[in-house]
Amino acid sequence: MISPNVETFIGCDSSYRAADIVLYGAPFDSTTSYRPGARFGPSAIRHESFGLETYSPYQNADLTDFDVFDSGDLELCFGSSEAALADIEARAAEILKDGKLPLLLGGEHLVTLGAVRAVAQKYPGLHIIHFDAHADLRDDYLGAKLSHACVLRRCHELVGDGHIHQFCIRSGERAEFEFAAQHTEMHKFDFTGLAELTEQLCATKEPVYLTIDLDCLDPSCFPGTGTPEAGGVSFLQLLDAIRTVAKANIVGADLNELAPMLDISGVSTATACKVLRELLIALDKGWPGFQT
Amino acid sequence: MISPNVETFIGCDSSYRAADIVLYGAPFDSTTSYRPGARFGPSAIRHESFGLETYSPYQNADLTDFDVFDSGDLELCFGSSEAALADIEARAAEILKDGKLPLLLGGEHLVTLGAVRAVAQKYPGLHIIHFDAHADLRDDYLGAKLSHACVLRRCHELVGDGHIHQFCIRSGERAEFEFAAQHTEMHKFDFTGLAELTEQLCATKEPVYLTIDLDCLDPSCFPGTGTPEAGGVSFLQLLDAIRTVAKANIVGADLNELAPMLDISGVSTATACKVLRELLIALDKGWPGFQT
Amino acid sequence: MISPNVETFIGCDSSYRAADIVLYGAPFDSTTSYRPGARFGPSAIRHESFGLETYSPYQNADLTDFDVFDSGDLELCFGSSEAALADIEARAAEILKDGKLPLLLGGEHLVTLGAVRAVAQKYPGLHIIHFDAHADLRDDYLGAKLSHACVLRRCHELVGDGHIHQFCIRSGERAEFEFAAQHTEMHKFDFTGLAELTEQLCATKEPVYLTIDLDCLDPSCFPGTGTPEAGGVSFLQLLDAIRTVAKANIVGADLNELAPMLDISGVSTATACKVLRELLIALDKGWPGFQT
Amino acid sequence: MISPNVETFIGCDSSYRAADIVLYGAPFDSTTSYRPGARFGPSAIRHESFGLETYSPYQNADLTDFDVFDSGDLELCFGSSEAALADIEARAAEILKDGKLPLLLGGEHLVTLGAVRAVAQKYPGLHIIHFDAHADLRDDYLGAKLSHACVLRRCHELVGDGHIHQFCIRSGERAEFEFAAQHTEMHKFDFTGLAELTEQLCATKEPVYLTIDLDCLDPSCFPGTGTPEAGGVSFLQLLDAIRTVAKANIVGADLNELAPMLDISGVSTATACKVLRELLIALDKGWPGFQT
Amino acid sequence: MISPNVETFIGCDSSYRAADIVLYGAPFDSTTSYRPGARFGPSAIRHESFGLETYSPYQNADLTDFDVFDSGDLELCFGSSEAALADIEARAAEILKDGKLPLLLGGEHLVTLGAVRAVAQKYPGLHIIHFDAHADLRDDYLGAKLSHACVLRRCHELVGDGHIHQFCIRSGERAEFEFAAQHTEMHKFDFTGLAELTEQLCATKEPVYLTIDLDCLDPSCFPGTGTPEAGGVSFLQLLDAIRTVAKANIVGADLNELAPMLDISGVSTATACKVLRELLIALDKGWPGFQT
Amino acid sequence: MISPNVETFIGCDSSYRAADIVLYGAPFDSTTSYRPGARFGPSAIRHESFGLETYSPYQNADLTDFDVFDSGDLELCFGSSEAALADIEARAAEILKDGKLPLLLGGEHLVTLGAVRAVAQKYPGLHIIHFDAHADLRDDYLGAKLSHACVLRRCHELVGDGHIHQFCIRSGERAEFEFAAQHTEMHKFDFTGLAELTEQLCATKEPVYLTIDLDCLDPSCFPGTGTPEAGGVSFLQLLDAIRTVAKANIVGADLNELAPMLDISGVSTATACKVLRELLIALDKGWPGFQT
């Protein structure tokens, strides 16, 4: 009997029941203020992953050694941020309820808010570790409270002062940097301070949500994103940061802002695939820490 | 004294006071369901128009013979369709109040609704002539009532049965074609029937809003659009249709769905510029008919 | 329970058991002599079909009214034409054995040979109707007998004189045109003669294999192919031809030579999707004629 | 012994001595006012011609039946129009002195002036047949007398009233159309009148220079040019025109304004190659008429 | 009252009268020997700057704190280098006469010569600091003395030995490196020596013209330029160099060789925007030093 | 007398007889498993080299000081790996027989096998130094023994354990890394260990074949390749490695896997040209060591 065409991120062939980590895509970019296209990120990552090896020489481990399930993309309503966020939150909540780690593929960065709502609901005292070129701390953007440029500000309303830890930030309004000085722990430009932070969080076993805006990478290695910002980190620096942070008690995560059509060389998508492979392996290696 | 940099559509150097026609751009594409990018349409048209001649050998007239004012782009809120539509409506109402013809540059097709709200308010009994590959008659799209795929359905709620005249339609759900059979006058595939319709509308001098989705053109001559549909009309057919319809009492118009980044050859933008030049000249030639 | 990500051509959601027509992809382009990339054709068609309506206003029918199964892509060996053809033939034979119509998505044109081997085995006296810019009648190409440039020559060895009917041909070596004059029925440049041919084939109910090289289309509407040839037919001409030929007793078919990366506007892929929708509907409408 | 790498337009392998027609490239675009890149035209035509068949089914003839020599590209000085034109003129004069037909590959359209200077020197009473979207009749462009936008005006100064015959023109300033009405024979939009003109020129055996700006083609089939103008002729119309005009006493010719980088699908370059093949065959078939 | 569309570099909204720094664009690339397109640089920088924040976290300052005026692009004659240079010189002289700092946006590097002529006229003993991948010290290029490849050689004729300081140079003919050894101070590959040089120039308060060819950046972070040269500096290195050199008495500056169409990801343009923001802030911070 | 158009890599104008090094191109990519296009690598390198200076400031030497001959591209059979390899081997053998160093331009990496067969035949005890992102040590790929993914495995069968030295490897199946641990000397990620290795090989004067897969470079500086792998080396690191290894007794070399169409900015091709220039100069400087 011939089977229908199933398409998942490479090596993520676990059943849902057996899976530790569940991928879910949020193809949404309606609030993107500059160049849209992040909606195509999750399907491009899935589609192009067949060109990726499942084995990581960096971590000497193979994706197929772990149990990951790829649930495909949500069908989200364009033009209504609130509706889209509700659907994302519901999916995250379902995965969490089943004791699995939800790993969201964006989409623009606003999608993080849906996931964080579900995770913060389950895990009071949640910390957010945020890798990004942009502070994303505006109170509103042209009147919209729900915007990619405000997403960490909205998250701050959920988790409070001192629970947001920002790295690689190199762009924002002056007011955002002033807000950060008061309310978040912001590390400009690179990952300085990440090892110390992780050590503290490991010591207390506090739950951590990890949100990675891929534009933290330098545009030289990741041009395919809506708002490229010169002066970012390298792939190897990001890889180190992921392996560092994965030692903490990560209870949810996301990877966002790949806009594949903006880089027709395909390098950005290939790099996003590789970041996802490394993230999955690092999270899976730290799995027991995930249990609450 | 050195002056600052003013950028308008070529030849549109009238003062606002003297202008008959006022261009206004709506760089919005938040509800685009497939490939976004129409937000960049109006600025690309303006920007690339410097490669266009102001003289039309088709109509033996020159843009500089007429009085057109280009008011630039509105600053619209991404992620909130209702807010964006309100801003578009307000701008259209202001132009109408001053006795001028508002000519809207989209953006995705939803922007038409903002303009039609203002125009229908001023002109009861308004007719809409609609050039498009897509019927745009869905009642909702993934739950959203305000979507590019629903825009003519929303317009129908404003102008009623028999007041929407659709041409070149070659894509839609079966239910949209069934709705059209009941409520609109739909001409599939090309401009058959347009001359007769215009004659009737001229006879009665009824007010007409003209909305042109540039994807009515065949993708061979206009690939730079979010949802290209093979089997469309040629540039010369569209030009003929514009010159035909311009004889009616046109009281408002728009040109939308250029997504310039999707056609890096620049041909789609150059063609949109030329369509706009021909539309402006045709409308201006018919100007006295504009008075109600 | 969350389900895994299934990806099929839009509206092709039948079970294998219930299906009349079975899609299968052959992502192979190893013998392409000029610009490769047709290997990405079938997955691009499947992937981008979500931007296509299932309803056809041309045929007033909906893909979802029919039973089509999409079996995804074969995993073919690059660099060995014989191995790839064997796998294609085996898949076609399996589909035929189950009484269904195999519809192959290429890939370069050589893949047709695998399918024709299986079909000609089941249906002695098979006719081949061939839409293409190129004659594909070389005896060898730089020494290779198995090449896209030789595929109809190899088919001729299977079905014999007078059983190959070529349309739209506008490129080849002089020797290929001389071979055609002796052994095939060649119609240069367009579809002249297709209606008469179909009438004859309908009268005798002879089995027919339909192979469509999408480069029969003019490059203006289909630039995304390895060897574009100016002077081709339009989308509407191809659509008419498909509806004509579908009245014959079609027992197998293919659609090939989309190289999606060569047309980054996406128009070629969107057009291929639309051709496939129309082909599926036309074949399904003529289904009873399919029974042997 | 291994030979060095010779690269010519396909099938143009004659010795210089034996050749009837001599190709020479002018990779110059310094005066292009909009989008440059035509400098890469001749090398792209030569380079991509290996994907072209030498046989023409349109004319049932093969390039290899004729004697054509490809002399490669001139090394021209960017930034000095006069120096570049002098080099082009010298090369054309040398070819003419040897009794051969010079066929120039541009480059921007200004290069024509260099060739016409040499040809008009040898052939008093020269007529120019001009296929183009643009009138190219400005007296100057931003102060420059030597500009692609002025090239036919400069030619008019050499050949006088009634000796320039323009076809397909659909763009220019009003003043250019007024100049044409007085001094040239202009046919707007298409090839209407070409057959009659050719008949007259054949009757008198007057010498003719043929200059083809490839942007006479519609941008749908030829997007790769600096200033695409919607509303042009099709490839088949151009092919017919070439076969018509080749019956006259053609003593020099050029093909220009391919800007290959502007069409990354490669279709424009492939089409230019095919136009050149057909032009070479048509000119060679009419060879005896070339003798003065 | 509705206003016309003004487009300036973001945050440069000063009146001319109040401005310290005046931007002026020179969209010229006629002598570019390899890949043209730098003519589109200044308008692309202005156009895409709306995606840039006005605040710099690197310098903790905001563009809107300063007074910069953007006078748009000059309308230059293509094909005549001398005419274009004269227009650039005149504009620079006018800005200097009004006691403001002229900041030129190219265009190809030859445009620097126009500005340097005006600045050297006002400031005898002028030094030039030159960041570039290429030495630009040829005496002529294919016969042209006015060529991008000769621009520093021409400048040397104005300012003399020891007054040109070159950094990041990694390409040129052997003769150019030999010329440099005699007549300029050349630092190959990077910014080694810049701090020392600046210290000396600060001590003496000598006037300095700063010319930045953006291809000093590595092509990985700046692919959008006519002649990319592997092995360049990073964005952060360039940023450091700008902040260092801005301490000197800068009396004129330029930024050139962005060819935006060569990098369709948009990263190069975004990076050029960011370099310009940082340059404007750095120059404005050092403003009092500007007074002579 | 006008000469025909000869096209070689810039500065490689030696006669075959006088040449020390002979370039030969293998435009083959039939076994590429992901994105094809490396077939266009050698002609793109040759074609775009006219934008490169012949002088190297890194090595203070000029290509024109040496004797290099460019024999153009072989005409290889697509679809038959064995036939293609035989032709490559024959060409390499001929060059070796004439006492010259064969420098192969790929094409996909499989072409190396043809060259290594010839070189290993002449030089028993041959060592292979391999720069690559990928281990290329699979025993077969989807059944094919002759695949780019297996090329070093096939080479290992020729030269045996301990004779293959791999650098920069960062991708492969786990089994390939296990194979390497047993049979090759693999240095992951960078060039660590290369200097020591070269010293040993110099001491013994053992013959060395150098194969450079350009995807050893980071995709940020070399995106134009079929399978880009984040985390690679920089251009300057590669340049250092080449200068280091050139001190050994290099008896054959290749440079492969540029797929120029995948990087439309042209940076990858320009970088490949520069790598080739530096490789040629480095090899030529070490020429006496080449003698056996």
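Per-chain numbering from 1; labels A, B, C, D, E and F assigned in written order.
By our rule, a contact is a pair of C-beta atoms (placed from the backbone, for glycine too) under 8 Å apart; a residue touches a chain by one contact, two chains touch by 3 or more.
Since this is a predicted model, take the numbers as computed values, not measurements.
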| item | value |
| --- | --- |
| Selected from B-E, D-E or B-D, interface repeating A-C by over half of its contact pairs | B-E |
| Distance between chain centroids, defined by C-alpha means - chain B, chain C (Å) | 39 |
| Chain C, residues touching no fewer than two other chains | 35, 218, 220-221, 264 |
| Those chain pairs that satisfy the touch definition | A-B, A-C, A-E, A-F, B-C, B-D, B-E, C-D, C-F, D-E, D-F, E-F |
| Contacting residues of chain C [partner chain F, same complex] | 29-33, 35-37, 39, 75-81, 83, 110, 141-144, 146-147, 261 |
| Contact set on chain D toward chain F in their complex | 1-8, 16, 22, 43, 46-47, 69-73, 91, 94-95, 264 |
| Parts of chain C lying in touch with chain D, wherever the complex brings them together | 34-35, 169-174, 177, 188-189, 218-221, 223-224, 227-231, 262-264 |
| Contacting residues of chain E [partner chain A, same complex] | 51, 53-55, 57-58, 62, 218, 220-221, 235-236, 239, 264-267, 270-271, 274-275 |
